[in-house]
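Chains here go by letter, A, B, C, D, E and F, matching the order in which they are written, and residues are numbered from 1 within each.
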Amino acid sequence: MLLHTVNKSFERNSLDACLRLAKAGSTVLLIEDGVYAAVQGTCLEGKLKQAMDTGINLCVLAPDLLARGFATDKVIAGINAVDYAGFVQLAADHSSVQSWL
Amino acid sequence: MKFGIQINEGPYQHQASDTAYQFTKAALENGHKVYRVFFYHDAVNNATRLAVPPQDDRNITKNWQALAKEYNLDMVVCIAAAQRRGLLDENEAKRQGKDASNIAEGFRISGLGQLIEAGIQSDRLVVFGD
Amino acid sequence: MSEEMMDDEEGVIKKFMYVNRKAPYGSIYALESLEVVLIGAAFDQDVSLAFIDDGVYQLMKGQRTSGIGMKDFSPTYRALEMYDVEKLYVDQDSLAARNLTADDLIVPVEVLSSAEMADLMEDQDVVLSF
Amino acid sequence: MSEEMMDDEEGVIKKFMYVNRKAPYGSIYALESLEVVLIGAAFDQDVSLAFIDDGVYQLMKGQRTSGIGMKDFSPTYRALEMYDVEKLYVDQDSLAARNLTADDLIVPVEVLSSAEMADLMEDQDVVLSF
Amino acid sequence: MLLHTVNKSFERNSLDACLRLAKAGSTVLLIEDGVYAAVQGTCLEGKLKQAMDTGINLCVLAPDLLARGFATDKVIAGINAVDYAGFVQLAADHSSVQSWL
Amino acid sequence: MKFGIQINEGPYQHQASDTAYQFTKAALENGHKVYRVFFYHDAVNNATRLAVPPQDDRNITKNWQALAKEYNLDMVVCIAAAQRRGLLDENEAKRQGKDASNIAEGFRISGLGQLIEAGIQSDRLVVFGD
């Protein structure tokens, strides 16, 4: 299964494109400005919960989240926080990596 | 596992170069190999030796150089992208009739084939961009 | 020349607005925009800052950047007052979409409706976007 | 290493996908992505190009760039066939949102549903994004 | 009144932000990748027509439109095509210019 | 009428520099004045004399130089942005202990105050970016 990375927030449509084309069982990792989508209660929360319901695994890069002023307890339940070593491990554990630039 | 890294954006302007650096560092520190870091598009500007970032800020070029030295990392700057943007080593400067070069030690200029080769030889290619 | 402009012994005073629509750290715009504001403060113009869309994230409390190797520049927003830059306007819709309120922000701001923000923009002489 | 990979006397053959999600001219990604595809063709890999979102605009017929002072590189897409790059996939939803059909495009393409595109991506060894 | 410029297509939210905050009587000029929004029949047509109904003037930079493969007769009725000299004139004719980057 | 121009993006990577050039040229050709072109963020890279774009492509730096020569245009490169990104004139190179400079003739390096001044002195400031 693929690892997808998304690095843009509300400003771009890359998260939409990613969630539309990611298959169940694949993992979407939110990095850089993409981490804002992982925060509870925003207008994107519904989309992310729906993605998880269809079997997509969601992760968020914790150093990027902390840099932007959000503690990991602000993250939507079910989204896993990882560090850079975790990012590397996710890339290793999936068959290939697709960056949604 | 062997990783290949592609970067598309200039340093400082976008976080892509920083994230690529952190990823590469974490991969190496966790026992993985990095076959090559390929600097494409504006990312060729990672390789300038003329940058003087503020004292209290990171120096992205020096970070790459230190990592390359410690782990014998292959850092390749795309020649076509570099020519378009004014990044030259001494050979290129001579060949193009330019009076100065600006590539930092530890980076080498080469063709796009090196990116394809990184895709072939690495177990995973990871792209950082905007 | 606009009607809001005045002449006095020190020259014209124009209404300058800095429009911030991008998040910090992912790109450099927030930081380098702030650098313009600080330098611009010396010119004694009538300065406003607008934070719209992802720009509202620039003002988040509690930024901890050590993990990404970048400098936390958010305390600088607190220093703006000392430079007599006191008109900080935040777009209400942008806050709401991000589940934020003025309490989440590092400095006191005035929260504006779309109509109020539109009126304010209309009233500017110079709009700098980054 | 993935199961799709094969060894023969000339080495491994991997599935390479170039993902294009950006419009031409507004930024350089479309042009420099095409340059990678052309160089990469010499490596005899299994190459696919995907055009998604604004990326479908790269293939528009009738581009006339003289007014913006830039080179029209769209004819190069027609030359891809000579390089044995023949798998061009376009996302149906992206076309529909832009009021386009395959007839508007400069080269023959295969139009895919979201599910088909997702399957195709899942099957790749190397995904290059620009 | 303000001249607004928008240079991004569907990929970004800058057009939305601009149309939300532009006042009646002001002008929105679509440039660079922003010109795609001026084309008939896309998913953005409704938004642009609504903006015109509320009194916003819409213009498109013709050289950018032609470069991208669209003749000016593909543009939504009511949107005016201008060249670079026209862009300059629009900037001169409005009280200030806001670029939606 | 007097225009001020601000550019935020690197040449080639984004169209901002091209559009700014076309706008500036049209303004000058139609009898307007351009008080200053200010190169900020990655736009400082417009000012390199080391770039060698492909023969069949535009040369953005040379376009600016020709326009500046014909109309006596003031082209200012932000010093803070330039230092961060490795753009130096000879004085700066000496001051920073660097062994090369790379600024093209016709551009001058100066502070952010020059941007504010352009906002004050121009009838309209127009920003080109991403």
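Basically, a residue touches a chain if its C-beta (ideal position, glycine included) is under 8 Å from a C-beta of that chain, and two chains touch if they have at least 3 such contacts.
Remember, predicted model here, so these are calculated numbers, not experimental data.
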item: Where chain C and chain D overlap in contact partners, by chain label; value: A, B, E, F
item: Highest-count interface - the chain pair sharing the most C-beta contacts; value: B-F
item: Whole-Å separation of chain centres (CA-atom averages), chain E against chain F; value: 26
item: Inter-centroid spacing, chain C versus chain A (mean Cα positions, whole Å); value: 29
item: Between chain D and chain F, centroid-to-centroid distance (C-alpha), Å; value: 34
item: Junction residues of chain D - those touching two or more other chains; value: 21-22, 25-29, 53, 68, 70, 125-127, 129-130
item: Numbers and ranges of chain B residues touching at least 2 other chains; value: 8, 12-13, 15, 19, 22, 41, 57, 80, 123, 125, 127, 129-130
item: Residue numbers of chain E (touch at least two other chains); value: 7, 10-11, 13-14, 32-33, 63-64, 83, 96-97, 99, 101
item: Those chain pairs that satisfy the touch definition; value: A-B, A-C, A-D, A-E, B-C, B-D, B-F, C-E, C-F, D-E, D-F, E-F
item: Chain C to chain F touching residues, read off their complex; value: 1, 11-12, 14, 16, 28-29, 32, 35-36, 39-40, 42-43, 45, 125-130
item: Chain D-touching residues of chain A, taken from the complex the two chains share; value: 1-2, 13-14, 17, 20-23, 26, 95-101
item: Interfacial residue positions of chain B with respect to chain C in the complex; value: 12-15, 18-19, 21-22, 56-58, 63, 130
item: Sites on chain E touched by chain D in the complex; value: 7-11, 32-33, 36, 39-43, 62-64, 66-71, 83
item: Of chain C, residues touching chain E in the complex; value: 2, 19, 21-22, 29, 52-53, 93, 114, 117-119, 121-122, 124-127, 129-130
